[in-house]
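What follows is chain A paired twice: with chain B in the first complex and chain C in the second.
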Partner chain A sequence: MTSTLLQVESLAKTYPLPGGGRHTAAEDINFTLQPGGALGIVGESGSGKTTVARMLVGLTTPDTGLITVDGRAREPRTPRRRPARLTRAREIQMVFQDPYVSLDPRLTADQCLRSALRLHGRAESLAATLLDQVGLGEREAGARPRHLSGGQRQRLAIARALAVDPRILVLDEAVAALDVSIQAQILRLLDDIRRDTGVALVFVSHDLAVVQHVTDEVLVMRRGRTVEQGPTRRVLTEPSDPYTRLLLASVPGEGWDPADAVAARAALSV
Partner chain B sequence: MTEATETTESTETTESTERAEATPTLLSLEDLTVRVPGTARPLLDSVTLTVAEGEVVGLVGESGSGKSTTAKAALGLLPTGASCEGSVRVDGTDVLRLRGEALRTHRADTVAMIHQDPRATLNPVRRIGDFLVERGATRERAVELLAAVGLSDPEHRARQRPHELSGGMLQRVVIAGALAARPRLLLADEATSALDVTTQAEILTQLRTAREEQGAGLLFITHDLHLAAAYCDRVYVMYAGRVVEERTARALFTAPAHPYTRGLLSCSPTLGESRALVPIQGRPPSLSDTFPGCPFAPRCGEAEEECETWLPERVPLEEGASVACRVVGRRSAGRNGWAQPTTAGQTKNKVSHG
Partner chain C sequence: MTTLALRPVATGRRTRRRPVGVLLATAALVLVVLAAALAPLLAPYAPDAIDLSASLAGTSGDHLLGTDSSGQDLLSRVLFGARTSLIAPLLLLTVAALLGVTLGVLSAWRGGWVDTLVSRLTDVMYAFPGLLFTVLIIAVFGTGTTTSVLALGLAFTPTVARYTRSLALSEVRKPYVDAYRVQGMGGTRICALHLVPNLGRAVLGYLVVLFGEALMSLATLSYLGFGAQPPSSDWGLMVQEGQSAVVQGALLPALVPGTAIALVVVSVNVAGVWAADRLGSQD
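This part shows the complex of A and B:
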């Protein structure tokens, strides 16, 4: 058994409600991730997936709970001092659904990667390797985000995250908006990177079929809570929770009848 | 007046007898080509498609393949500045020639469109009930419709305004609105794509029941091949503004023919299958890409040199099915002893057939 890379214990986040009281966005979230491993977080919109992802990278401060990377506890807030900030960035990087918002519109793909490499004290010449790794060619290297397609921007966002040489990559619905042919290219890319660099993935998605392809472990969330977690294959073939069964019954495929999902929903509410 | 009506009727009767199909055709696009200025290729290129009464027909393809443009054509809605060839008929009426009141009636009563974003359809300050009444429902039926699309406490919902409802509820309202005028033809353009899968399944179940009760035809647009094949009777696959394959939903799963369709299936993650994904190389074409021959050639693993100059034409497969691929066409013709296609409009491409 390899040593644990990421450990998450009793993570929780609540938000105040306008009329008083608090909304539980995430509660009692626990999981571990090995180097090179891949964990999926699935659930419907509003189930708390993104809240967990944002707490991992430090964009949202947890109310309680502990996140450790390589045995070191992550500080709940982004540190002020630059070296500490950079170390923290190298632990976990995040890729969002819409790469547009996270990319500097003024920088070409190549410049974008060079600036990330420079910031983290890595050789700028690695930019070419990274571009190649994510399948971006010479034309794309010289193009600004607005002149790249959605899939190309997503590859660039992944390359930039990798430029930091992170231990863990958190992807929040990173392939959701892409055409399937491009989505498949990115999923293949993630597989390759995982194998070649040993980076571990936290893969947040509402798409069970995609999660099945990418991850070894999965955590099913509903209303901020974990309803089921375990090896992806087992959870998706022999779900023990009725909510997981509902999710599975809702996925279209050969011989699928949407009425099965309605029946599964009915089973859930009794 | 009476005479004119009679003449029209008799022409229509002749036409439909000629077609001699089991179920009458409701929507029929024939060789529809739509161009807009400033693009290197047409948005739609010789699109031929039918929806019969009561039939559910899927239209799938990646972003920019022309699915929405096709659906809008059925409403008589073309992009500004567009020029077109071919025809669009709904129930025998030439939609592209409709003007003024006739066009308004067509859009309000005959055909109804359900978009992906319900907020684009709903007036934020009007009550839900009024939205349905505007579309021809009585107060009573408005409540029935809301119940039929799965909204709890429909009387109360009818008095609410859009901002009080969630996205999934609003989409149910939009579907109720589409059904209100009892249209012959429903067009659903990614109508459930933005919703959670569980909500999608529920809405699709209700849409199926309500649609069956009214006997309306449905053109169901989605980028999700699995969804199309599971929900529809027949499916058209589009690529670069063209229909590349037309199959029964079942055949699409069990025997996809076009290299693009097969490519889509092998790159779509499938629940319960652990095979590796095989991505289609390259990217979907844009409107600045032109193709001297088969548009899929630059990405196709089976392309031969001749494909680069072969003008796509429909090659018949089994009953009612067709594929626009010379290699697959040749193969299946060889296997089944089918003759080369002889349908009018396809002869012009014969020369390049080799």
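This part shows the complex of A and C:
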């Protein structure tokens, strides 16, 4: 029997609208994640998937709901005390969408990792191991982000998250800003890391093809609500919800016609 | 057949060549700094050596720039005066930078009532003419170079705070700051070790531009008798001491320190704006 690593119960977040009323970014989100598992959260822009990711790491405070890691509930707000903050950080780490702005422009790759290692009281010599683990060499170690390519930056961002030695890694559209061949490399890297370190992944993406490759389970979101969830293979091959079918129909492939996808989208919006 | 006129394409980096004005200004500043540093070696007389027999002497072999009404050698005084005139604005800007950057970053980081409080506070200080505010402080704490540096430091704080706040507001929204938060790093540490250093260049550029204004303000205070006191050879004070000589037909006692002030302020502005552009534009 495996114990549940991450449990999310009835998570919700609304934002006030300028003209009064509230916009529901996420409502009644529930899922669980086993140690070393991989969950995909998919949906189109504005579906609330990034809000869920930010609530998981504590960058956004949920209105209601409970996030439990290893049976311990996470405080909704960042704790003031340093030990509590660091313990919380070791539960869940995040890789951001755009590696062009998610790295401190002033620090070299090596300094970036050392800063994270030092903060968590880990040996700074691990920086070299981490760089090696994500496939960055000596030249990249001494380079500032502006001298690294997009793929290299995202590798560094992944290494920085791993430097904290987290149980769970949340990837918010982590490959969306990269071109396709680099995407494949990063996805492969994530798969390797998951196998080697046993870190569990929460993969937030709009790209079903990407989710299909990395995740075991998937949760489809639309307008802040879950429309379908289950094993990735089943959801992607026999979707039960019309929205999921639409998302699948929108993936470009052989014999794909954008007009069909647009028409299907229009039919669903009514 | 099409002919393509090939012109050198502008590369991302701007040309490194300095305009002539900037070169001249830099040279002038280097000279002034050297003069200040080497004043004891260069000055023919002690700056406060009084020789009443040579009162208001014009230029001569003995006194290259003439003397003032007390017979003090103007060249010696202006050389020694360069020291206070360069160091005092630096100290003033240090005070303003420490307070202003702290307030600006605090304001942007915390937001909410802290931001409102800091913003209203700077508004109130803006509402007073800067000089009035400074004179108020001097009235309470007494005249002197130290007091005027501190008073003007406070007067310059709102400007620096406001500028820093506007920069910090866009900086705190950048995901790398979120990444530090997710790492479990505390707010103070993020601000002090990562946010401020990332704003550093831009703030530094702004301070360079403020240097001329700081020097002018200090000279004004000395001129009004609130700053440096006799027998200091502060430039502003020298202008004030020299203006009675103008009536007697001797222009040099006011003209020499006045020219020195103008030279430094113009040079700092010309070279400073050029340097600040480059400081700010490199990411």
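Points to keep in mind about this one:
The working rule: the second predicted complex is superposed on the first by the 259 of 270 C-alpha atoms of A that agree within 3 Å, B and C clash if a C-alpha of one lies under 4 Å from a C-alpha of the other, contacts with A are read in each partner's own complex, and residues count from 1 in each chain.
In this text, a residue touches a chain if its C-beta (ideal position, glycine included) is under 8 Å from a C-beta of that chain, and two chains touch if they have at least 3 such contacts.
Model, not experiment: these values are computed from the prediction.
Contact with neither chain B nor chain C is seen for A:Ala128 once the two complexes are overlaid on the shared chain. Counting the residues of chain A touched by each of chain B and chain C gives the higher count for B.
Of the two partner chains placed by the overlay, only chain C lies in contact with A:Arg85; chain B stays clear of it.
Of the two partner chains placed around the shared chain by superposition, neither chain B nor chain C is touched by A:Ala176. In the superposed pair of complexes, A:Ala184 makes contact with chain B only, with no contact to chain C.
Look at A:Leu246: by the touch rule set out above, it reaches chain B but stays clear of chain C. After overlaying the two complexes on the shared chain, residue contacts for A:Leu103 are found with chain C alone; chain B is out of touch. When the shared chain is aligned, chain C comes close enough to touch A:His120, but chain B does not.
Shared interface residues of chain A, touching chain B in one complex and chain C in the other, do not exist. Those residues of chain A that touch chain B in the complex are listed here as 44-45, 149, 151-152, 179-185, 187-188, 206-210, 212-213, 233, 236-237, 246-262, 265. Within the complex formed with chain A, the chain C residues making contact are 174-176, 178-186, 194, 197-198, 283. Interface residues of chain A, counted against chain C in their complex, comprise 57-59, 78, 82, 85-90, 92-94, 96-98, 101-106, 116, 119-120, 146, 157, 160, 164.
Considering their complex, residues 62-63, 196-198, 200-202, 204-205, 208, 223-227, 229-231, 253, 263-264, 267-272, 274, 277-280, 283-284 of chain B touch chain A.
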